[in-house]
Amino acid sequence: MDFFYIFFQVIKMLVIFLLMVTMVPLLVWVERRGSAFIQNRLGPNRVGPLGLLQLLADAVKFFFKEEFVPKNGYKTIFYLAPIVALIPGAIAFGAIPLGIPLDIGAFNAFGQTWGPYNLGFQSFELGIGVVFVLAVASLGGYSLLLAGWGSGNKYSMMGALRACAQMISYELALGLSLVGILLIYGTFSFNDIVNMQEGPLNFSIGQKDIVIGFLPNWGIFFQPLGAILFFVATFAETNRAPFDLPEAEAELVAGFHTEYGGLKMLLFFIGEYGHMMVASALMTTLFFGSYHIPFVTPDGLLSFLNSFMGAGFAKWIQFLIFHISFMLKVIFFLWVFVWVRWTVPRFRYDQLMDLGWKKMLPWALFNTVVTAVAMLLLA
Amino acid sequence: MSQMLWIGILTLIVITFGALMLGVASLLGPKVKSLVKSEPYECGIPVPDEDKSMSKTIPVQFYLTAILFILFDIEIIFMFPWALIYKDGIEAGQGPYLLISMGIFIALFVVGLVWEISSKALDWEK
Amino acid sequence: MDLASVFFWILSIPILVGAICVVFSKNPLFSALFLVLSMVGLGALYFQLGAHFISAVQIAVYAGAVMVLFVMVLMLFDRKAVESEEAAVIKNSQFKWLLVSVFLGLMLGLIFSQSFIAGPDTILPEATSVVSTKELGNLLYFKNILSFEILGLLLLVIAVGVVSLSRIEGGSDD
Amino acid sequence: MTDLLSFFQVSLNHYLALGLILFTLGLAGVFIRKNLIVILMCLELMLNAVNLIFVAFSHYQGIPLGQVYVFFIMTVAAAEAGVGLAIAISIYKRFGTIKMDLLTALKG
């Protein structure tokens, strides 16, 4: 713990946070162009190439909107809610490794030798990673409740209550669907989970080790049901369509953010898309091999790269390739989020609650029991 | 322990970011006061004086769902340490014991869930 | 001062401010929000004390579930009605305050007068090791299995009881 | 100066004192406040204070069993909060108030 270590850590955390924040305008663009593509329209295409600068125009516009508090609202709470909305997504995202660790060799500065440093590509490395992310994500309900209550408006209040009830209902299925995969990994640490998913698919039945060479060793092959339940539950957690009942325009005006506009609305957006990114990153990390590329090992790639470039440069390229591999998987799941939103119609509220409590919870329980029994019988 | 430092710093970064954005926006934006603007949104009809109608008819379902959520959430959290030690337990030959002890717990969980469903406590349609 | 001390003093601020505001806020909803602040601070303190899993459970169960329920229930009640009259009550109870302060003073005195934990040369060796979740799980499922199953039964009974309670019809008090 | 520094050097006593102050605040809240839900919140505060003391002892004495009990206390506390709130809502539906001083009559 010296000066440069803290310096690099803070820089790294800023980079990861800004990565999350800058993904938001891009995602909004993907959402708008994607919905246009699905509905056979053009979407925003005037500002800049492919309408890409539309986001910049929107952001600038947001800064020049008037900020005001409704008459019946509580000012502090009203302004607190958008800030609170940022916290769960940003902190949960910090616990997930986004690539292989980066080695910074020893160097001289201020007449002293510093380092070498080994920095994992994540804001903080926790032994209880998975539980930590679940715990932090469960704080997401507060921003909704604060927004609904601070606005002093019955539509906001109803929207907040519905959003919160939906969120907590699906949190059960979310937590329980992860028990199966945790039984198989036997650890909470994201880094251990990632390392276990390297190489070809292998498991042992009794005393016999079985290796299936043409498949990667990803969690999805051990827990297909768990993965599906988890992904569906994250849709409800992020309040996205087809579970976007909290903001059902036809019934509730716009839900908990009826009274919000301008930059406060943007902060809610960052929060929502942050949740989506955490969900996609968790899906990638737990079920789809995280940053690992099938049939490629980090060492193998490094020695391959070393064969035609300098060692220092090769390390950076290796780092970048694995990060891009992670981000591609995340972007795929983000695209699924957009795709589903513009394809599947919205549920009715009682159908939504029935799905969460009466279908997904029993199935998740079934998944857990089957996994535990199978592990015992096949051991 | 040092992980706490990073979590704390990240929280500070996030809060500063949010506060900064809101601060800049409230500095740059126009400020035109009007009575109508600050009224709660009401789809165009005049705003009722006091909205007491909502609190008098408490939708029981919301808090019932929340209470049941707490109870089931705790049961699920109890399964996490079990999931952690189960793999090692099987290797140490304690697999059946762990499975049965959690099996009883899960059976209680299932009885609770089945009771809730059959007693229509989780039904939203009246 | 080591890092642990710095964390303790920084974290004790939100914990104490939160706890004081829980008692003194006129609006119950502010009480609930300050209690959330206090509980998140306590969760961080648990983490610093090496109880990582307990800290996550504290945040997931207390801050993420119990307090959400409190806030939801308070939102359902009449906003103006719950806010009234509390201020006068807080002021006009000097006797109770006196009683509580005497209790606090006596207990604090007891803690700091005990030489077996207070004296600078008899401080217990600090166990810096983090209790791993596996250790916790082994203790929970091998040594305390009966308590664990009884808790499962308790939760079942409460799940049934809560539904029955909510079935009680409202009406006048006669 | 060294006295002051040794005061700021955190030991088990500091955690006990913090827990005790939290407990006393919760106790004061239970005595003084009239709103049933605030009283329940103060009870939660007291239980949290006890948990803090459990964790602190477990850390300084090196006994992990303390954390298991914290786990149990949390479970019971959450269950208590659930039942308490269900009762509060039943009372509110029946009597239209959750002020404790108004709810003196035991007869139905």
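To keep things simple, chains are lettered A, B, C and D as they appear, and every chain counts its residues starting from 1.
Criterion: a contact is a pair of C-beta atoms (placed from the backbone, for glycine too) under 8 Å apart; a residue touches a chain by one contact, two chains touch by 3 or more.
Treat the numbers as computed from the prediction; the structure is a model and nothing was measured.
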Shortest path length from subunit A to subunit D (each step joins two touching chains): 2
Chain pair showing more contacts of the two, C-D and A-C: C-D
Central chain (distance from its CA mean to the mean of all protein CA atoms): B
Inter-chain centre distance, subunit C versus subunit D - centres from mean C-alpha coordinates, in Å: 5
Rounded Å distance, subunit A centre to subunit C centre (Cα mean): 30
Between subunit A and subunit B, centroid-to-centroid distance (C-alpha), Å: 17
Approximate Å spacing (C-alpha centroids) for the pair subunit B, subunit D: 21
Contacts with 2+ other chains: residues of subunit D: 74-75, 78-79, 81-82, 85-86, 89, 92-93
Shared-contact residues (touching 2 or more other chains) in subunit A: 126, 131, 157, 161, 164-165, 168, 171, 188
Subunit B: positions in contact with at least two other chains: 2-3, 7, 58-60, 62-63, 66-67, 69-74, 77-78, 80, 84-85, 88, 102, 109, 116
Footprint of subunit C on subunit B - complex, ascending: 1-5, 7-8, 50, 52, 55-56, 58-60, 62-64, 66-75, 77-78, 80-82, 84-85, 88, 94, 98, 101-102, 104-105, 108-109, 111-112, 115-116, 119, 121
Sites on subunit C touched by subunit A in the complex: 29, 33, 36, 40, 52-53, 56-57, 59-60, 63-65, 68, 71-72, 75-76, 130, 132-133
Complex interface listing, subunit C residues touching subunit B: 3-4, 7, 44, 47-48, 50, 53, 57, 60-61, 65-66, 68-69, 72-73, 76-80, 133-134, 136-138, 140-142, 145, 148-149, 151-153, 155-156, 158-160, 162-163, 166
Contacting residues of subunit D [partner subunit B, same complex]: 74-75, 78-79, 81-82, 85-86, 89, 92-93
For the subunit A and subunit C complex, residues of the former touching the latter: 126-128, 131-132, 134-136, 138-139, 141-142, 145-146, 148-149, 157, 160-161, 164-165, 168, 171, 188
